[in-house]
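Alright, structures below, take your time with them.
Note that subunit A is present in both complexes that follow, paired respectively with subunit B and with subunit C.
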Partner chain A sequence: MKFRPFRVSVLLLSLLIPAALVAVVFFLVAYSGQAILFNGLHFMTQISWNLGDLYSDPVTVSGISVPPGANYGILVFIAGTLASSGLAILIAVPLSVGAAIFLAEAVPHRIRPALSMLVELVAVVPSVVFGLWGITVLIPLIGRYLSPSGNGYGLLAASVVLALMITPIIASTLYDALLQVPKENRESAFALGATHFEVVAKAMLPMVRTTLIGGIVLALGRALGETMAVLMVSGGGINILPTSLFSPISTIASFIVSQLDSAESDPTNMSVRTLSEIALVLFLITLAVNATAKLLSSGALNVRKRQS
Partner chain B sequence: MKILNNLLRSGVAALAIATAAGAAHAQTSVPLVESGSSLLYPLFNLWVPSYTATHPGADITTTSTGSGAGIAQSIKGLVQIGASDAYLSDAMVKAHPEMLSIPLAISSQAVNYNLPGVTNLKLSGPILAGIYEGKITKWNDPAIAAANPGVALPDHVIIPIHRVDGSGDTFIFSQYLAFSDAGWASTLHYGTTVSWPAVSTAIGANGNSGMVTAAAANPYSIAYIGVSFADQAAKAGLGQAALLDKHGEYVLPTAETIGNAASSVAASTPADERISIVFTPGENAYPIVNYEYAIVSSHQPAPAIGSAIRDFLGWALNDGNNMSFMSKVHFLPLPAAVKALSQAQVDKIQ
Partner chain C sequence: MSASASLKVARSAQELRRLTISKLGWVACGLALALVIAPLVDIVGVVTVHGVAALSGKLFTQTTSGTANGLLNAIEGTFIITLFAMLIAVPIGIGAGIHLSEYGKNRLGGVIRFLSDVLTGTPSIVLGYFAYIVFIIGFGWGFSLAAAAITIAILIVPYLARITELALQQVPNPMREAAYALGAKDHTVVFKVVLPAASAGVITGALLGLAISVGETAPLIYTAGWSDFTWDGRFTHAPVAYLTYVIWTFIDQPDAHSHALAYAAAFLVMLVVLAINIAVRLVVRRTRLV
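After this line comes the complex of A and B, so read on.
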């Protein structure tokens, strides 16, 4: 066979990305191996998290050297992650469906490009900016008008900040899909005497349902992994499960960031290994979400093909 | 991981030697990198420009990454100077006997409160431990009232604020609680991160600036805030609590009381200088005071690197250790006896 330099170089380059993914998984599993052994399965179901006394001599527990008192349970952080992301989706979906329909159906054609660009612009605002806005604007508002204890930090603040970050993702995917709906469908619905609302609700939205689901799952992926903005407004809950909208929470991603510095001064290294194990858990959660997105958006593509 | 570390280390060493050799032709400069404590970072940023102005050819980069990262990177040889608010633990020193903990300055911490109508509040270690453990939940708790006779304490839930990120401030605050409250010492110990007990009103805030913002936004809250942020805390209208020292007096953080704490430990500071200045027995001594450390390896990969570190840290301990630098970040210079010990440690760097 002839040696084709172009084909070979492209092949190598394309292999780099899956190789990086495999390398990350391999590193996480290999590095957290000892932690997985030490933590066992109750790791996922325990509430209490304690790095242990990093300033005393390490003790040996079933053959593994750990700081005395070390006890790693991540149920609080799994709950915080799922609760804040789920709530963010609940807030973001109506907002973004409304925004997308408004952009596609109600806005005068002349200002539509400007407005849709603005929506997409929100998607690229750095997360720390959302966090700052959360601290300076949102938290005092929640504290003053909603929270019974006057404390604005917690689940609600984190969810609202996340919702704002993911609304443009869902809105712009949905807006693009709505523009793809064939003119014929829309016009025939109007011709049958449907109101504008009925046209949107009955002739257009069913056609873009899979795109909407795909967009939501992609947004969920972003919300699950968000770190900085959540760290700034979530109240950093630890050892306590959220009981209300105003409970302090921690998400997996923000918790890893907040603990890493202390973990690095652990002489047994078990803290960093356990953080890697948590990263693995987060990785699996986001992987599941993304795989779902892939499946759903391939379905969405089929819909579009049928349209064209 | 070990192989990776070694690779990194030898790579850094080779790079350093190469740049050192290259620099020998052009100029006798070795690039140094400082990384770590965000509390020490402003001081290094004052030091480095003055040092390079008087020492042409010196090349020092400063980064603020956190004490734990500073320690870890210095041990791995990725940076030459790790900055830390906490000294190395015994276990760390056992694992890495070449690592030195060298005090460069004296820092302290205030316990701030946002308590409408109250301007002079006295608190003790056991009271603070009770608040952060969730055993003392109201401001008019008998324990707080007993420490503050004549003060009208509100019947309101306390909002305790702690750091979510690993922090030297959490280290010295939890040391104060551990040294003065046996219950805290046996369960929660001390460290740059604490397994904060479940208190439903508690807030975790990110960084000292986050602590100031959270305390200002939440009336009836209490927070521990590093002295570098004293101006911001005062501007936000937060009060400073007088804390019970080991001598049995309530002491406010002032240059005098912080200096008293530092000098009370100066004579008993061991040669490796790993000692706490928290809750010292001195008279009129503020209880939450600490040394700010440079974490440096005594075995540098090349002699030129060792001498560059010695020159800079030696300068920091002498010319750099005066009030013109320190007062800007609210630190205090080291007592003379401690300065001599630090200099002796600096001289060990090869």
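After this line comes the complex of A and C, so read on.
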């Protein structure tokens, strides 16, 4: 085969992408090695997160040097992540389904591009600006009208902000799918005497169900990894499982950020290593969720196929 | 007239129920759309009102000290982080996009595409932590411009590669064939024919990457650090300030002046991000690139 320098050079450039991903996984695993050994499996099931006494001499536990009293459990953060993302999905799905239906079917053609652009723009507002809005607008509202303690920070605030951030993902996925439903299907439903809303709800929505679920899973992946907005409004609870909508929580992602300073002061580096293990856990969770979304959406092109 | 009147009389209870449910359904859907758009409007409104009120000449001419004075260091920091991230990401992303579009219709291309999507879906904080253990701890660079720019570049490259690929694919094949028939080499075909024809899409990708870079926070916390001073020209061993840091830390301070700085920073960031995204959508509306 002839040597083609141009093709080889762009190939090498494109190989940098897998290389970066491999490097991310490799270094996270390599760096967290000792932490994985030290933390064992109860890492996932323990509630208590304790950096130990950072000012005493480190003790050696089964060959690994750690601060005395150090104990790393991330159950609270896993619970916080699942609770806030799950609740966010519960809020976001009805909102985005309704918005997508209205946008695709009820809005006059002239203003439709403008409105759909507005929905897409929600997705590009930086996370930290959502957090700022959460602190100045949402938290006082929740504190005044909903929270029994008058403190708005917590699970509900985090879920609402997350829901707003992922709504456009679900809504635009569904909106695009609804526009692709074949005309014949709509018209036959109309011909049977269905009202316009029944056409949408009973003839069109079932056709795009898989696409919708794919969009929801994709949004879930985004919610699980969301960091700044959650960090700013979640109240940063540690060492206690959330018990109500107003409990302070930490998600895995927000916890990694909030621990930077204390982890740096650990002379044994064990907490930095453990944070690396936590980042690895987050990576694996989002990988699994995104892969599911990918599988769903690749099988969900059936609407387009039926059209041809 | 009489026909419709008699139809109305003939409406059964079931029909009425169906019509009512349909009406209620539309109302609910309309409300949902309003609830999706209203927060955006409120965010833009709140940030603009507070941000514009906080704008002053001092903002652009003085650096922060503590939580007072201006934002010069943060504005400059965001600018240079974005600049160097783009310098790294644009050649790699466009090169990768060229490979995927022109020569990537095989198994290897599929694998690269899949892994690129995995990288896109990876939370930015995970990338930030990776950069922290490799560049800050491993290489001993400390919080620095180099670490920040490389991290942001890793974040942008997959987007850029994917958008470039999509843009190049919309160039019709006969154009390539015509160029090859004239005796053009691979690189001539790509640089003189395909890329110019797809330039709008490629520029779109680069601009969206720029918007991501300006609005990103989490990975920078672990790589850029924070500095009260403007850049001294060093790539390592010197922390850099950036605008999004001001937003998330200054808003937690008790005094009004810190809040004003946070809003001003948020206003600047939002202005750049929204301006880029609106412009891109108006120019290449629904080409399915974004």
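In the analysis below, the second predicted complex is superposed on the first by the 303 of 308 C-alpha atoms of A that agree within 3 Å, B and C clash if a C-alpha of one lies under 4 Å from a C-alpha of the other, contacts with A are read in each partner's own complex, and residues count from 1 in each chain.
In this section, a residue touches a chain if its C-beta (ideal position, glycine included) is under 8 Å from a C-beta of that chain, and two chains touch if they have at least 3 such contacts.
This is a predicted model, so every value here is computed, not measured.
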*Look at where subunit B and subunit C land on subunit A after superposing the complexes, then choose clash or fit.*
clash
*asked:* Output check: A:Thr292 vs subunit B and subunit C. Expected answer is one of first, second, both, neither. What do you get?
replied: neither
_First (subunit B), second (subunit C), both or neither touched by A:Tyr31_ = both
*asked:* Just to be sure I read the superposition right, which of the two partners does A:Leu231 touch: subunit B = first, subunit C = second, or both, or neither?
replied: both
*asked:* With both complexes overlaid on chain A, does A:Ile135 touch subunit B (first), subunit C (second), both or neither?
replied: both
_First, second, both or neither for A:Asn50, with subunit B first and subunit C second_ = first
*In the superposed arrangement, which partner chain does A:Ser250 touch: subunit B (first), subunit C (second), both, or neither?*
first
_Quick one: is A:Pro267 in contact with subunit B, with subunit C, with both, or with neither? Answer first, second, both or neither._
first
_Greater subunit A contact set [subunit C / subunit B]_ = C
*After superposition on the shared chain, which partner residues are touched by A:Asn185: those of subunit B (first), subunit C (second), both, or neither?*
neither
*Which partner does A:Gln259 reach: the first (subunit B), the second (subunit C), both, or neither?*
first
*Among 147-155, 165-173, 219-227 or 273-281, indicate the stretch of subunit C whose C-alpha atoms run into subunit B.*
219-227
_Set of subunit A residues, in rising order, touched by both subunit B and subunit C_ = 31, 135-136, 231-232, 257, 260
_Complex contacts: residues of subunit C adjacent to subunit A_ = 18-19, 21-23, 25-26, 28-33, 35-37, 39-40, 42-43, 46-47, 91-92, 95-100, 102-104, 111-112, 114-119, 121-127, 129-130, 133-134, 137-138, 154, 157-158, 161, 185-187, 190, 211, 214-218, 221-222, 244, 247-248, 251-252, 262-263, 266, 269-270, 273-274, 277-278, 281, 285-286, 290
*Where on subunit A is subunit B touching in the complex?*
31, 48-51, 53-58, 69, 135-136, 139-140, 143, 149-153, 231-232, 234-240, 243, 247-248, 250, 254, 257-265, 267-268
*Within the complex, which stretch of subunit B touches subunit A?*
1, 65-69, 71-72, 86, 89-92, 94-95, 157, 159, 162, 164-167, 189-193, 195-206, 210, 213-214, 217-220
*Interface residues, subunit A side, partner subunit C - complex*: 4, 6-7, 9-11, 13-18, 20-21, 23-24, 27-28, 31, 94-99, 101-103, 106-107, 113, 115, 117-122, 124-133, 135-137, 164, 167-168, 171, 195-198, 201, 221, 224-228, 231-232, 253, 256-257, 260, 272, 275-276, 279, 282-283, 286-287, 290-291, 294
